[in-house]
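Pasting the structures here.
In the two complexes that follow, chain A is the common piece, with chain B as its partner first and chain C second.
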Partner chain A sequence: MLLDAFYALLDVWVVIAAVVGVIAGIVIGAIPGLGPTMAIALLIPVTFTMSPIPALILLLGVYQGAIFGGSISAILLNVPGTPSSAATALDGHAMARQGKAGEALRIALYASVFGNVFSCLVLMLLAQPLASLALDFGPAQMAALMLFALAIIVLFGGGSILDSALMTLVGITAGIVGLDPIEGLPRFTFGSFAAEDGLQLIPVLIGLFAMSEVLLQAFGGHRQSRPSAEVGSVSGHVGLLAMWRMRVTLLISSLIGTFVGILPGIGSTVPAFVSYGFARSRSRHKETFGQGEPEGVAAPEAANNAVTGGALVPMLSLGIPGDAVTAVILGAFMLQGLTPGPFLFQHHGVEVYAIFEALVLLSIPCVLFGLMMFKGAVHVIKLQPRHLFPAIAILAIFGAFSVNNSLFDVGVMLGAGVIGFLFRRCGFPLPPLLIGLILGPPLEESLRQALLTSGGSVDIFLNSPIALGLLGVTALCALGASLQRLRHRRQGN
Partner chain B sequence: MKPGIESSQENADRHVGLQTLITSGLLLVALVGLFTLSSQVTVFDFGDSGPDSRFFPRLVLSLLALMAGLRLWRHRHAVETALGSTRDWSRTLFAVVLIGVAIAAMNLVGFLASAAVVGILISWLLGERRLLLSVVLPLVVAALVTLSARQLLNLPLP
Partner chain C sequence: MSYHQQGFDALLFHRITIALATALLLVTTTAWAEPFPSRPVTLVVPYGAGGTTDISARQLAKLVEPILGQPVVVENHPGGGGINAMRSVARADPDGYTLIATTSSPAFVTPALRDVGYDPIQDFLPLLNYSGPYHGVLINADSPYRTLDELLEAARNGTRLTYATAGALGGAHLSFTALSRETHADLQHVPFDGASSATAALLGHHVDIALVPAYCDLVNDGRLRLLAVLDDERDPDFPSIPTLAQSGHDIEFPSIVALMAPRETPADRIDTLRDAFTQAASSDAFAQVMKKLNQPVRLMSGEALEAVIEKNLTDYRELASELKK
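Now for the complex of A and B:
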């Protein structure tokens, strides 16, 4: 299987897709305001006519490239290209101010690659056994698993639990529109034939992540211009020995990133800051952190890149997205006919292993083009929002239309954009909404199938050790999160 | 005190802000959903003892109403995000309406014209006044997207 998958990668289109994906990812990630989620959402329509392996490698290349690209503007401008690179800015920009921008960028690049390779190896080790385990799951176990995933997103996704719960429920509610998954009866379609297909994932996520950003920029108007800061030289050198000295930091940060990535809904910002804090606490030179310490750049970069492989573990093996980006990638997998979940490895083993191998091999173009693009990136990060967002609006309209060649989907995209804009203005988190929208229909299907099997009795959940165990862990997590909040509140008082 | 600072402090002290309005909207949506459940979800009773088509929507909408109500109650004294200036909202509303009109007219005027108008409008709203960047750039992007979609992706754009 591994060899067949490797042969599948020896195709010129796969190589082109990998290179284009990584370059596009680095450029997009470097531009503040354009994250990997928006980039992948807008690029999905481009992959419609491609075969699955190059299409998915293109999108995963964008993902990997963009997470590293975010550190470029964080280091050079102190403006994180992605939220996860905010921790990198603490020491990265301090190094840039000391004239060591090139060194900081190279440390960020090598640490990113280390974190990425580490997490991809974990992905290769864990995903298939987890999928095999899930093959034995019936509807009751699947429903309990999805409830667990949603609970983790709400409890540990960061921010207010109540806001996350509200957003998750909004997502699940949106998933109700359309035909009932068991009986095929229309629900909340208000007589519209087009609405019977439900709210399509791609137009909704383009609206939530791209159109809402356009509207936020329109709301801010002229105030959105970025100051054009002067950026110093990006030349420099970081040897293997310098990186070897950071090996423990890189390893621990990659472990933190991979582990947090596996948990649904937390994203890459939390592990980046946790790794930064951990590196600082075990350093002999704590006082140098925040003033240009190289390990302060390496730790968050290794962690936020390690999330990429970790987040793909539950997504590929269980069909549960780890964060907003993997939720978008899940949509891309489904459009290519590869439905993530326990059966993916059985039905599309070669494709999945090809993607695993490609994820590790993507590190090569990432290093090569990362090093080549530092100078070019200096110009890219100076692009003003008023020059970028008109193009994003055009791509959003095109992307929503191209899914089904339907103007109804473009309307859905605009509606999702308005709702996303309002929620973002309020500070409500969007990833729980998206994950609720994705997990809502399968949760309903599993829950109702389980209850239909048991004649409406909840005993089916209590008689299954797996379902009972998952519900027990969910209850323990809720208890743990409540105790943690209570302790923080007491400490605050 | 400068007028700008005064107005921002006045805005920040408001207890009824954007969060309360949006949460109230969600509560309203959940309640309307619950009240219209019978008319919007038809159920054919075949004597099954399990849950019907209305079971899950009823559960989720009830939870949504409960959570929205709980949030309103818990944040009743919290200081919220100010609504913002009428000018900012008008600009955003104008953008939404114009994009909506461009989408509605797409079948009539075609993708290229609709997308170009949207691009030009967004560029203008974001403060770009140079002809090359506010008109020519969106036109070129729209033309490139149209050409690529038709020639490379074989998509039947309007």
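Now for the complex of A and C:
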């Protein structure tokens, strides 16, 4: 079967589809606002007339490419192209500022490829058993897991715990706007129909990270013209040895990414930050995180790319998509006559395994074209801010509008930009705000769903070993973090 | 009180719009002379690109282009569960160049429950219905209940059963609310974020029942059991499974995917569009695509569709006012 599947890949159209998909994905991912979801949705009509394997490889290539592409703009400009690359910006951009942009990009690329290959191997070997694991996560377990993720990000994300906690709460509060997930009634919309969808993630992300960067540049008064000294050192080399030193971080991050990818509705941003928190808490030199630590680039990149393979597990074996991207890919599979679900592996085994193998092999064009593109992309650093930032502002406005074709979202983006600018000026970290906005609504939804199914009793958390275990680990993490602080303070005195 | 106020404002706005539109028409009467359609037609899809509603609408658009002799541009306007797109199409120029491919929720469920800024009957003219996924009453295959009656019997006698739906205040939620009122069964609603999450919750035994579409493969695989369909007719894939009405309950949730135009669109243009889209929707090519998407082709004339919408709008309004009591 595996060999038959491999022969199916020996087709010039498959190679063309892979190359075009990966390149298109990287470019689209690098532009703020144009995520993989939109790119794939727009490409589906193109694939109508193609045969199944090249068609799906084209779309999955875009998916893989876009998740990596987001980190290019995150590292070079401090403007994450996709929400999941916001964590990469923390250390990636710090490295770029030190003139190590080339190194940061290469670490991001290799870590991405590692995460990708890891999760695709998991998908290939364990799709069926893992799909039933995903089903064990009902509302109660999901609520406990999300609480755990929030705790990790607040406790180990770096910086002051109080700052992070405050920003997380701001994010959660922002998530309250919109239709109540259980009652279906509007909250804090002030009669506006457009606000019923709530504050959408992409406009808020673009505002918080891209627009606020523009405002910082406009009102900052520093870095009026960039020294061109940085450019000489952009072609940093990263050897296998450097990556080998990060093997544990890469492995843990890929595991986190794959696992979270399998579960519905969390997406790839949260595992990126959780892995970053883990890498930092494990590290012997925590203080370098946020100042340009290579492991701080590798961890989130491995995690957010590992989500791709994980997210395909429930989509393919049960026909249940976990997020917007996989929902769109599900549609593409159906159009090709490969209906995901319990019969997919029986009826279309060769095609499915060909696609799995292709997912692993897509790493080759990813590395080749990634490295080629770096050569051009690093020159972005040479652009003067006065040329660069107006362009980013325009992209931000288009990006926010294009999500729902709605002007309301542009307003949200600009508002988030001003708020992000003020928070950054005051020294508050923005990533916890983003995480609060991402996790707040589903946390509320699962908590209330769990209590509805149990008739209002908290026993539903205590009777589930998964939920109880997660809550226990959360408590241990909080304890560990406070002990660590205490010891640190003693040593300091 | 504020609702009356809003209703009045909307009416006033509507009248002004009509007055302005009439004035404009008087000025541009020459435009009537040109054949219809003489420029591309926009087909608004009220959901994001890539979903089944979007893909089927794009296929229909592609098939209708040679018949109309003009391109049909599909425009995605997601948000608000479809009501944002409906509101903007309700206010579009009624010249036949703007159409919408809509579904049950924005057509007659949400407008019955709260103010959405449009009236599905007064603002829209249905052209035809071309699809509508069947929604089933599903339980796990290892569940002890064999029929809907057994299930309701248990829920009447002290067993609290939970049912998952794709979201709060959807058609599935409302039909089961009506069912539990009618039969005094203890049924607890648990809304999820979309039908696939609701299906997953059932498969993982976190809820007892799910009211969802796209169940065919999971039922055939022996994981789930189909007890009834919420629609007004049986699912042709499962001809032995009754509808709720055939099970003795006067409740239905007909699922529609329909084309609509703004109400004031001239009759001759409506006829042109209706003929062209009906021809495209009844073609073999369209049937093949829908089969791949696991979506039924359900053709219904505009008049019949209007009656369905009107009936359900009234039913749901009644149910909603009962719920508020």
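By definition in this document, the second predicted complex is superposed on the first by the 268 of 493 C-alpha atoms of A that agree within 3 Å, B and C clash if a C-alpha of one lies under 4 Å from a C-alpha of the other, contacts with A are read in each partner's own complex, and residues count from 1 in each chain.
To be clear about the criterion, contacts are C-beta pairs under 8 Å (C-beta built on N, C-alpha and C of every residue); 3 or more make two chains touch, one makes a residue touch a chain.
Predicted, not measured: the structure shown is a model, and the values here were computed from it.
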In the overlay, answer first, second, both or neither for which of chain B and chain C A:182 touches.
both
For A:452, decide between first (touching chain B), second (touching chain C), both and neither.
both
Name the contact category of A:341: first (chain B only), second (chain C only), both, or neither.
second
Touching partner for A:44 - first (chain B), second (chain C), both, neither:
second
Thinking of the overlay built on chain A, is A:358 touched by chain B (first), by chain C (second), by both, or by neither?
neither
Check whether A:266 is in contact with chain B, with chain C, with both or with neither, and answer first, second, both or neither.
neither
Chain B versus chain C as contact partner of A:138, first or second or both or neither:
second
After superposition on the shared chain, which partner residues are touched by A:327: those of chain B (first), chain C (second), both, or neither?
second
Which holds for A:318: it touches chain B only (first), chain C only (second), both, or neither?
second
Count the residues of chain A touched by chain B and by chain C, then name the partner with the higher count.
B
Shared contact residues on chain A, chain B side and chain C side combined as an intersection?
45, 180, 182-183, 185, 405, 452-453, 455
For the complex, give me every residue of chain A touching chain B.
45-46, 48-49, 162-163, 165-166, 169-170, 172-173, 176, 180, 182-183, 185-190, 214-215, 217-222, 224-225, 385-387, 389-391, 393-395, 397-398, 401-402, 405, 407, 410-411, 414, 417-418, 421-423, 425-428, 440, 444, 447-448, 451-456
Residues of chain C touching chain A in their complex?
48-52, 54-55, 58, 75-80, 83-84, 87, 113-114, 116-117, 160, 162, 167-169, 188-193, 196-197, 199-201, 203-207, 214, 217-218, 220-221, 223, 289, 292-294
In their complex, what parts of chain A are in touch with chain C?
37-38, 40-42, 44-45, 134-140, 179-185, 193-194, 196-197, 264-265, 314, 318-321, 324, 327-328, 331-332, 334-337, 339, 341-343, 404-406, 442, 445, 449, 452-453, 455
Inside the complex, what are the residues of chain B that reach chain A?
18-19, 22-23, 26, 29-30, 33, 36, 40-44, 48-53, 55-57, 60-61, 63-64, 67-68, 70-71, 74, 81, 84, 88-89, 91-92, 95-96, 99-100, 102-104, 106-107, 111, 114-116, 118-120, 122-123, 125-128, 133, 137-138, 141-142, 145, 149, 152-158
